[in-house]
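Here come two complexes built around chain A, the first alongside chain B, the second alongside chain C.
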Partner chain A sequence: MEPRPPESTRIGVDEWVASAAGRTSGHAGAFGLLRRLVDRVPDPARLAIFVAAAALVPVLTSDQYVLRVGFDTLIFALLAIGLNVVVGLAGLLDLGYVAFFGFGAYAYAILSSDHYGLHWPAEASVPVIVVATAIVGLLLGLSSWRLLGDYLAIVTLFFLQAFVVITTNGNDVSFLGFGGSTDLTGGPNGIPGLDPFTIFGLEIDSERGYFYLALVAASIVTAILYLAVRSRTGRAWQAVREDPLAAQLMGMPVNRLKLLAFAFGAGIAGLTGSIQSALSAGVFPDNYDVPLLITVYAMLILGGVGSLSGAILGAIVVNVSLEVLRDANQARWLFLFAILITLVAKVRPWPKLVAVLGGLVGFGYAMHAIVAATWPAGTKGEPAGGDAIGRAIQSWLIHPSHSALEIGNYAFVILLLAVLGLTLVRGVWRTVALVPTIYLAAFVWENRLIATVEAQAATRFLVLGALLIVLMAARPQGLLGSSRVEIV
Partner chain B sequence: MDFFVQQVVNGVTLGSVYALIALGYSMVYGILKLLNFAHGDVYMIGAFIGYGVLTVFGGAIDPSVPVPLLIVCMFGAAMLGSGLLGVAIERFAYRPLRNAPRIAPLISALGVSFFLQNAALLLFSPNFRSYESYELEGGSLFLPLNAGALQISPLRILVICSTLALMVALTFFVGRTQLGKAMRATAYDREAAAMMGINVDRVIVVTFFIGSALAGAAGVMVGLVFQRVYHFMGFIAGLKGFTAAVVGGIGSIPGAMLGGLIIGLAEAFSTAYVSSTFSDLIVFAILITVMLVRPTGLLGKADIKKV
Partner chain C sequence: MTSKVLLELRGVSKRFGGLTVIDRLDLVVNEGEVVSVIGPNGAGKTTVFNLVTGVYPPDAGDLLLDGQSIAGLAPHRISTLGVARTFQTLRLFLNMTVKENVMAAAYGHTRANVFQSILRTPAARREERAIQALAEEKLAFFGQRLMGYRWDQPAYSLSYANRRRLEIARATAAKPRILLLDEPAAGMNPVETHEMSELIARLRDEGGYTILVIEHDMHVVEGISDRVVALDHGIKIAEGSFEQVATDGRVVEAYLGLRTAETK
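== the complex of A and B ==
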């Protein structure tokens, strides 16, 4: 730490308080102006704008795919704001959260399908599901009385694992040997053929209808949470998060608050699960496993833990990006865009930026020429997808016509080492090393990560994992979250 | 009775593996108070490195070098590779977050775990790989040696003995060497250790290296005895290794060994006598019970919380 100048004595003044003026007056320039404008919009107005904009989507398009992506995004947004109650407000790291989502989905499947011949309408099944899921959440929450932090995390993660094991093997359940066995969950095959969502006689049967259903659910839940955050309970949750001991000394029922947070989050997840399973018309144990958990966490953390609008923004950004990665052409655009944005934001001053970009272009053409001269097959590959930009990039990027996947595997490992090495070197050498590293990244992206459909599936999750690591190191508060106030 | 003894052998073999994984969790937790979710995936990478070495030397049916040398090479490469991977993870994902709120490194650890799993999926495809070690030496390593009721194959003896050797070496290292002493001091109080002139960063790097190397050895052992290697194997093994660490008392090295043994035996017996699908749930029940009844674990010391 560098020594402080003597005039800024800060004895008895908290760091955060002392820098308050700097924070409020900050955000200079055009970006700051935009930021202040956004900040000035009151939260209810933000919600109204979001709902109005989202409601326009089905009017503007009737493309089933777009509506399905929109529906999924709203479902993820619901999950993220539910998780935000547990993690963001109460500060409990719950890694079993998607089990509640699965529980809601399975409950809907059991209550409204041919599986048991029950066909409850939604106005009867949804309240039952929400309450039942909240009670399960309450039971899991009991573990938070004695366990904190990482211990709680691992117990809840085990709970998720137990949920998956039970649903996968729940097709032959007998209760202590009485009354024979029953097929509760359909085992690994899940339960297909769910009823469409029917509420007060109104049957929802189109993607558009489900989109509006999810939108209504999301706005109601968001409004409730908006009020809850500002309520006595919401403030108490935040107090428990900041300092459980102090909260207890102030007379807050810490244990009861934790249970309430768990139940609240679980109830939202249960509601979401019932809506989601109704559109999918089937529930399968694999759908409620760790990849979903990581996805929801990535959304919450990207948006900013503890921020309601952040959770929604995170869900939109992450889900749309993941959808984009399904298509090689769009994935290529995303990659180029991400590289460009990162360079513009991080490489200063601008002559250096120009040098890096110029070096990148020159380096690519040089490499391409060398490879074309020594190993002609090395540049003859066909780009996946192959739109205009994909073909344009062909004269810059090496693309072997055969054994590209094997070369890509080695290049991937080398890329990881190169990125690691990049963080170790300093000064001008870092800038110099940046150019080949980015070129290598482009090579790996083109030849391995988006080359095949199977690879794209792994790439989506690779990107999520990398996003979590980088985000934690670069901006732990996410896009809209405020950095947590820590007073020792 | 024979069946029972057989399950004890199974349990001790499994327990050796879990104990080695648990040691890594325990050591890292002791020093950084960080739950390294990626530890199970380091073990998975170790198993794949062992597989790679085996393949390079011509596979199990017709290896190009003598079998003992082959096994030593597999262990050596896996331990070195996993150890370096652990150091890289620490440097890249955890060190920038040394003073961040506690949720940050946990999330980062989740990210690393997910990243490694999917990197392995990308590189090695979702297919199961088999060490095919039953082919080694014409299969003689898998033939049980008959010693009365006890039937135990040489490979299992190898696994149990090398685990014991690694643990003795670790105990000696932590108890008797200067670096081990620095490690204990850092675990006890990091700030004070830094003030006493201990290079805390170096101690942490060494801890990650040793813990991850042990996990890599565990990966090769699983490959040798149970054959199957795949990209998702680290997740559930990591959970069980953590459970072993908690049952024995996190931060305590003999505790990790004891915990590993208990979890291994519990899993072997529940698989044999109850149901193989629900053995995970039984391990989970043990974890919950220990955490609720004795949160410090069997051999752990109570942590006095300062306010």
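== the complex of A and C ==
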């Protein structure tokens, strides 16, 4: 018999299990609510709801920009769920993943453009591309037989760099000096003028058409992976991730399973590459480099490594956030909304919250009045974007009409120090210090971060980085991931 | 106990660099037998398990499973031929559920490939149902301990003793002919240790498994063993019934030192 259990647990029931119900219901806040809502829906219904909702987008809008963002998001979702097979299921740290995406794109460009005068229809080229990319994936996967963890990461990253170098210089290649030289990849200029995606005589020629194409591809791949995970092979992949030696001693051919995972991930990336390049109508080496890799990894990690729906959600959150942040007015909404949500979620009890919000309003108008009296130019700035909320905020926030960027730079440094200071003080002083810190953050936001178009471009990624840091600190397993135990 | 030989080690040696860990070891396990391997720390007991399961190939000698040589085969091949084991330091698939842990071990004797699984062909469905039933049956062997709500709990949520039980359940799901248990009672309290002894007896009598077990707890060894083999520095120093081995002068010396042996 186990040692006498505490009063609260029943005899014969582990304490962990006894408290399981309490723990799941105990998830407080927005994440817990989201999690419980998602948990309640059965998996196939989840996919159906997602597809139906996504299919409505082109019905509701014919805005080319919105459809293009939707298409890109679906492409990212495809990449993330493909990467999830290698990283999330089989546990292999593959940093060469986007090279397969590029390989698929280049393969489509070579098979369906004026480059070699080949104009294969999609029903012929896509199967060839998927199989060819899977084989390349298999070859790279061979390195995982001997290399694990960091070492595998380095070798696969090298593969990605080799891919970029080869495509950049592939406009003058020869086979060991025989047969003259040929222009394989178009070099740094890439291959332009790709055929539109044509499948069984149906030519896809609109943003709307490509959106539906990507949606169909994403749904099929999601369904395939859903079924693959819940099978003998899916369980074996996870066993290899958890403990390769134990898996092998339980009869699983570990090396073969690793290759299969690499081939699966690569095949999905190849398919995605062919679709994406068809809409872009051109392929360029720079599009398949480390920045894309990091974006896809960020999506997967944010959504929850190992979770299929998490990977899709991660792609949506990251890509839509990046697009929303493009526009100063939308970015301002997001900023104010994020601060408000954080305050409501984190500042308790509510009288304290009211005090902070009230203090913030009062502090702002007081500062505005002081500056307006002492330095009139200090409040005459024009808001970026300039919608209603942007103008409304002008009577509250200091916004100099000149030298705003320089002041903003200094304020940025002071803001960083202030945030650091905020983490060091405790109790009532933290609440008091919170008010000027938020005001300073708003000042930096308006006067530096979204003040110019160039600044806005950088701010998108800055904010995304901050978002990732905050989310990962709050929920290390990702939005829909389940918490992992490494060593017990 | 003069039934058919299931596992035989013939003059097996293993060296790590200059250190000979196993030196010309001969060992026979008959079908339906429980054989215990004892010996002080570092005697080479776990290395014997690693050699039998193919973690390392032997440097010399041969290993035979039912008359067929398994020396130098890959571990997963040896597993499908009928050898399954547990680990001294538990090696469960911690982030998979209890039931998935057991189902995963059915890989070696199931056939559906990934494309059949994705298409959910009738054969694949049938096999999947069989794997489910197998896992449930193997878990039911442990009474209520690994049943019901525990099936869907992650393995890391189990208590230590239940993890040891789950490892045994997982090993049996590989449909082995011989089961290698590496210190099954390590870290357990007296009641759990007693339960483990009974479980090993049930595995032999009801499950029909042949069992090779490493164990330090002499009460367990006494209770379960048909035969006992004592190792020291990679050399077999005694073999026979528990009584014979426990009173053997060299075994006492290996455990307690020379002077103690002399004063006996």
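Convention: the second predicted complex is superposed on the first by the 444 of 488 C-alpha atoms of A that agree within 3 Å, B and C clash if a C-alpha of one lies under 4 Å from a C-alpha of the other, contacts with A are read in each partner's own complex, and residues count from 1 in each chain.
Following the convention adopted for this analysis, a contact is a pair of C-beta atoms (placed from the backbone, for glycine too) under 8 Å apart; a residue touches a chain by one contact, two chains touch by 3 or more.
None of these values were measured; they are calculated from a predicted model.
When the shared chain is aligned, no partner comes close enough to touch A:345: not chain B, not chain C.
Of the two partner chains, chain B is the only one that A:297 touches; chain C does not reach it.
When the two complexes are overlaid on their common chain A, residue A:459 makes contact with chain B while staying clear of chain C. Using the contact criterion defined above for the overlaid structures, shared-chain residue A:388 touches neither chain B nor chain C, since it reaches no partner. Judged by the touch definition given at the top, the superposed model places A:469 against chain B, while chain C stays out of reach. Contacts of A:60 after superposition: neither chain B nor chain C is touched. By the touch criterion stated above, A:254 is placed in contact with chain C alone, chain B being left untouched. Annotation for chain A, partner touching more residues between chain B and chain C: B.
With both structures placed on the common chain, the touch criterion links A:243 to chain C but leaves chain B unconnected.
Within chain A, the residues touching chain B in one complex and chain C in the other are 245, 484.
The touching residues of chain C, counted against chain A in their complex, run 53-55, 74-76, 79-80, 84-85, 87, 91-96, 100, 103-110, 112-114, 117-118, 120, 124, 127-128, 131, 144, 149-150, 153-154, 156-159, 161-162, 170-171, 174, 189, 191-192.
Only residues 87, 91, 93, 95, 143, 146-147, 149-151, 153-155, 157-159, 161-162, 165-166, 168-169, 245, 290-291, 294, 297, 301, 305, 409, 412-413, 416, 420, 423-424, 448-449, 454-455, 458-459, 461-462, 464-469, 472-473, 476, 484, 486 of chain A touch chain B when the two sit together in their complex. Across the complex, chain A is touched by residues 29, 34-35, 88, 91-93, 96-97, 100-108, 110-119, 121-123, 125-126, 235-236, 239, 242-243, 246, 277-278, 280-281, 284, 287-288, 291-292, 295, 307 of chain B.
Listed in rising order, the residues of chain A touching chain C in the complex are 1-3, 12, 14, 16-17, 20, 224, 227-228, 231-236, 238-239, 241-243, 245-254, 260, 264, 482, 484-485, 488.
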